[in-house]
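Note that chain A is present in both complexes that follow, paired respectively with chain B and with chain C.
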Partner chain A sequence: MNAMLRETETAAPLAIHGLAHCYEGVNVLAGVDLVLEPGSVLGLIGRNGAGKSTLIRAMLGLLEPLAGSAFVFGEPALALSDACKARIAYVPQQPEALAWLSARQMLDFVGRFYPCWDKGFAESTLERWQIPPNKLLAKLSPGERQRVDLIRALASQPELLVLDEPAAALDPVARRELLREVALRAGESGTTVLFSTHIVSDLERVASEVAFLHQGKLLMRCSVDETKERYARLWLPARMSAAAPNAGLSRRRHDDGSLSLVVERDAQGRWPEAANLAGARVDALGLEDLFVEIAE
Partner chain B sequence: MNAWQLLQIPWRSTYPSLRWFAVVVFVLCSTGAIAIGAFADGPGAMRGAVAMYGAGLTYLWAFFFSLGLLLAIDARQLRLPGIQRQINASLGLYGVLGIAVPLFAPGVDWSMAAVLALFSVVGLAFAVMPRYLAVVVALTPSLANALWSRLDLPGIDDPRFAPWAALIALVLLLVCAWRWRQLLSAGNRQPRGWSSPMVLQFRKGSWGHWNCIGDNSQLGQRPDWLQPGVDLTGVGPAKPRKSLRVALGGWYLPQTAGSYGKQFALMFGILAIPAASLVLLSRIKASGGADFTATLEGSLIGALSSLTVMAAPAICIFSLLWLGKRWQRANAELPLLALLPGLGNPAGVKRLVLRTVLGLPLALHGLLALLLGMVMLCWHGHAYMLSFMLLAQLGGAVVTTAVLLNLFGGRALPPWSIGLILVVAAALTMASLLLPALALGRHPMVQAMPLLPLLPLGWLLLAGAMAWLCRRGWRGLMQQPHPFLPG
Partner chain C sequence: MDASLLNIQPTASEPIYRQIVEQLRRLIAGGQLAHGELLPSVRDVAGFHAINPMTVSRAYGIAESEGLVERLRGKGMAVIALRKAAQSESQRLALLEPQLEALARHAHELELPAAPVLRRLTRLLGD
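Take a look at the complex of A and B:
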C-alpha cells in the first residue's frame, strides 16, 4: 500500500518530503511535505520571509536543501532530464534574466529550446500587453519585465507552471489578465499551477487549494471553498480559557484575559468541545482573516 | 548655522570610506608640501610644495567636496528648505580655508592664492563636467608639463602666472556653477553614460564602476547606439555553447560582425587619444635634443608592459565580478539555465559551462602572452625583460582559473580572500614589470639584479596555492548536482 502511495506521489507534478533548509543558521524550511495533484492550482500563502521562495526553489532543484527530497514528475528535482524540464515553466520573483536582450530576442532565444513553444501566443501577447518588443529588457519597468517572463513561461505550454509572487509588480489590470490566463490554462489544458502570493484576493480568484506556510512549516492545506466551513475563530472568555483545546492553529490571548484560537472541525465535522460552552463564540473566517489569524 | 556646523556638512554627507581616503590623501599631500618647503633648497622647492599641496586640494574638490552636489540634489528632490544654501556656504568656507591657510606659511607669496584657487576649481570641474571631458582633464598634467617646457611658460611659482591662474580659475568657476545648477535642476533626468559627471558615480560609495559590473542598471543606462548587436544565428540545443554564451551576456555575448566592428572602433578611438598624446609628447621632448625613435620605442615597450600589467588582473576581476553576479542571483539567469531543456545531462552541462566560461578569459590571457612573445621576437634586446611579463600573464591565467572554479564549485571565495589573492598577484605583476626594468634597463641598478630569481619563485608559490584552490573548486563542482546552483 505504502509503495503504491509512494509511486503515485513520485509521478505527481511536484512532491516533496521532509524538506529542510537554513540560511546562516536560521531555519527557513523545517521538514515540509507537500504533494501537488495533476491539474490542481495551489496557492502558497505566507508572510514575507516565511520561506515561500526557498520552498519553490528547492522543489524545482534550484537549490540543494539540507535535508529531504523533491521530485518533479517523478524525477529527482536536482537531476531533471531535458524531457522533464520541457514540461516545467518557472517565473521567479522580480525576474532579471537576460537583461541584455530585447523582449523579442529573449523569447526567440528561449523558444528554440522548447518543443511545444507557441510563437504566435508569444507575439500576440507581447502586442496585447503593450510591451515594446525591441526594447532592451534592462530598460523595461519591473512590471513589464515580469510580464515578459510570464509570456516566456506560458508560451512554452508547460504542464507544470510555478510562479513566485507573479503579481507583485503588476498593476491591477495586468494582474487580472494574468489570473485569467492562469485560470484558463488550468481549466482548459489541465496545467498544474503552483503560485506563491500574499494577495489573498488572487488566491480566491484562481486557486483550487491553499497552503499556509509559516516560519518554515506548512501549517494547513485545504481547498479554498472548504476553508470557511472547516476553520473558524473560537473566542473564549478569560474564565473559560483553561478549557481551550490544545490543537489550535493559532492562539492569542487578549488584554482582558480572553482567548482567541483558530480551530478546525474534526473528521465528523464537529468543532472542539469548548465551542459548546456557554459564553464561547465561534466566528466564521474569510480567507484573509484566517491568514492574518494564523500569521500574526 | 555656525561655522563649525558648516564645516561638518561634507563630512556627514559622504561615505566613510571616501571621506577617510580623502583625508589620508590630503594629509599626505600637505605633509609632503611642508616637507618640501622646509627641507628642499633651490628655486624648485616652492614650485614643488605648491604643486604637492595643490594636488591634495584638487583631490579634495574632485572626490570629497563635490559630493555636496549629491546632497543638494537629494535635498531638492525631498523639498527640504535651506539645505542648498548651507551646502553653498560650506563649500565657500572650505574654498577660502583651503586657499588662505597655506598663505600664512613663511615664504609663501600672496599671489599663490590664485594658483591654489585654480587647483581647487580644476578638481571641482573634473567632478561635475561630463566624463568624456574628464578623460581630457586626466591628460592635462602631462600635456601641460610638455607645453610648459617647450614654450618656456612661467612656472606656477612665478608671479607672472598668477593673473592667468586667476582668470582661468574664474572662468572654470563660472562653468562649474552653471553645471552645478544644471545637475541640480535635472532631478531624476540626470545625464547618463559618458555624459554623466564623475560625481554621480559616487552614489554607491565607490570610485569607478567595479561594484556595478554585471548590474543590469548599467545596461539600462547605456545609449542604444552602444548596445551590442546580438547574434542569435543557430542558437538552440544544436549549439549549446553559443546558447550558453547568450545566456551569460557581457563579453561572452555572441555579436554580429557589425557590432564587433563598432566595439573595436570605439576601443581604438579611445586608445587613440593617449597614443596621440604619447607621440605628441615624444615629439615635443625630442625637440629638446633627445632621440625621437628611442623615446618612442621606450614608450611603446612601457605601454605594452603596462597593458599586460593592467590586463591580467583586469581579466580576472572582470570575469569574476560578471559571473559572480550571475551566480549570486536567484531571480536571473541561473533558474532559467537550470530549467532550460536541451543543454544535456548534468555531467555534460558541467563540461559545457567550464569550456564556455573559462574559455574566453583564458583565450585573452593567451592572446596577451602571444603578443608578448611576438614583441620578444621583434626586440631581441628586451626578450629577457619581457619574459617576466610573460610569467606574469601565465600567473594571471592560473589565478583566473582558480577563482572561477571555486565560484562554480559552490565554494565561492570570500571577498577578503579574493582581495588577498589579487593583491599578491598584482604585487608580483608590478615587481615583474619594475624589477627587470630597473635591473636590465638603460641605466641598470646593480642592487636589483640579485632580486630577479626571486620573481619566478614568487610566481611558483602563488601557482602552487592556486593549484590547491583549483582542486578545491573542481571537487566542489563535481559534487554539485548541476552547475546552476547559486554560490
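Take a look at the complex of A and C:
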C-alpha cells in the first residue's frame, strides 16, 4: 500500500516535501509540502517577498534548497533529464535568456528543441500581442520580454506550465487571452499549471486550487470554491468580543474594541456559535478579502 | 443560448459554479430560455469567460441533477422548461431562498423581532 502511494506521488507533475530555504539568515521557506495533481491549476498567492519565486525556483531545481526535496514527474528536480525538461515550460518574472536574438529568431531556435512545438501559434500570438518580431530581445521593454517568453512557453505545448507573476506584463486584453489559454489547456489537454500572482481575480477565474504562501508556509490549500464557501469573516461588537471562538485563522481588534475573525465552518457546515449572537455579523469573503485578512 | 448571456463575477464571494446555476435557474424560470434550447458547450463558456472548464462542467452537472437541463447525446445540454403552473409552489419558493436568507440575516443584525418585519413584508406583498 505504501509502495503504491509512493508510486502515484512520485509520478505527480510536481511534488515537494519539507522544502526550506533562507536568505541571509531569514527564513523564506519553512518546510513547504505540496503535491500537484495532473490537470490541476494551482494559483499561488502571497505578499511581495513572501517567497513565491524562491518556492517556484526550488520546485523546478533552479535553486538548491537548504532542506527538503523536490520532484518533477518523479525525477529529482536538481537532476532532470532532457526528456523531462521538454515536458516543462517555465516563465520567470524577468526573462533574460538569449537577449542577443530577435523575438522571431529566439522562437525559431528554441522551437527546434521541443517535439510538439506549435509554430503557427507562436507566429500568430507574436502579432496579436504586438511584439515587433525583428527587434532584439535586449531592446524590448520588460513587459514585451515577458510576453515573448509566455509565447515560447505556450508554443512548446508543455505538460507542466509554471508561470511566475505572468499577469504583470500584460494589458487586460492579453491577460484575458492568457487566462483563456491556461483554462482551456488544463481542461482539454490536461496541462498542469502552477502560477503565482497578486491579481487575485485572475486566480479566481482559472485556478482549480489556491494556496497562500505566508511566513514561509502554505496556508489553506483548497479549491477556490471551497475557500469561498468554507471561510467567512465574523465581526463581533466590543461588548461581545469575549464570546469570540478561540480557533480562527486571524483575529483583529479594531480601535472601537470590536473584533474581526476569519472563521471556518465545522463538519456539519455550521459557523462557530458566536455567529448566532444578536449583533454579530458574518460576511462572506471574496478571495482577495480573505487573503488580506490573513496576511495582515 | 450564447455564452455571453452569463454574467460571471470572479471576485464575488459566491463561487462561479453557483453563479452559473443560479443564472440558468432564473433564465429558465423567467422564460428567456425556451424548452429544448441548447446551452453553450462547456468549452464555449470557459473560453468566453476565461474560466476553468471544470467549473462550468460542475455547474451543468448540478443543473442536470436539479432537472433544469438534460444531456442529449451528441448535442449537449438542452433546457427543460416547465410551465410556471406546473412548477410546484415549493419549487418557485426555492428560487427566493437566497433573498429570504439575506433578509433574515439583515433583520437579525438590526436586532429586529420577526413580527414587525413580517407585517411590513405582508403589506409589500399586497395581501
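Throughout what follows, the second predicted complex is superposed on the first by the 284 of 296 C-alpha atoms of A that agree within 3 Å, B and C clash if a C-alpha of one lies under 4 Å from a C-alpha of the other, contacts with A are read in each partner's own complex, and residues count from 1 in each chain.
Please note the rule applied: a contact is a pair of C-beta atoms (placed from the backbone, for glycine too) under 8 Å apart; a residue touches a chain by one contact, two chains touch by 3 or more.
Being a predicted model, the structure only gives us computed values, none of them experimental.
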(request) Using the superposition on chain A, decide if chain B and chain C clash or fit. (result) fit
(message) In the overlaid three-chain picture, which partner chain does A:R57 touch, first (chain B) or second (chain C), both, or neither?
(response) first
(request) Have a look at where A:L14 lands relative to chain B and chain C in the superposition and call it first, second, both or neither. (result) neither
(request) Please work out whether A:L126 is in contact with chain B alone, chain C alone, both, or neither, and reply first, second, both or neither. (result) neither
(message) Let me test your reading of the model: by the given contact rule, A:G187 touches which partner, first (chain B), second (chain C), both or neither?
(response) second
(request) Classify the contacts of A:A169 with the two partner chains as first (chain B alone), second (chain C alone), both, or neither. (result) neither
(message) For A:V41, using the defined touch cut-off, is the partner it touches chain B, chain C, both, or neither? Pick first, second, both or neither.
(response) second
(request) Aligned on chain A, what is the least Cα gap between chain B and chain C? Give it in whole Å. (result) 27
(message) Under the contact rule defined above, give the chain A residues that sit at the interface with chain B and also at the interface with chain C.
(response) none
(message) Give the list of chain A residues in touch with chain B in this complex.
(response) 53, 57, 60-64, 78-83, 85-86, 88-90, 92-101, 105, 108-110, 112-115, 136, 138-139
(request) Using the touch definition up top, name the residues of chain C that touch chain A in the complex. (result) 8, 10-18, 42-43, 46-47, 49-55, 105, 108-109, 111
(message) For the complex, give me every residue of chain A touching chain C.
(response) 41, 176-177, 179-180, 183-184, 186-188, 200-201, 204-208, 224-225, 228-229, 278-279, 281-289
(request) Give every residue of chain B touching chain A within the complex, in rising order. (result) 216-217, 219-220, 227-228, 230, 232, 235-237, 243, 246-247, 249-250, 253, 329-336, 338-346, 480-482, 484-486
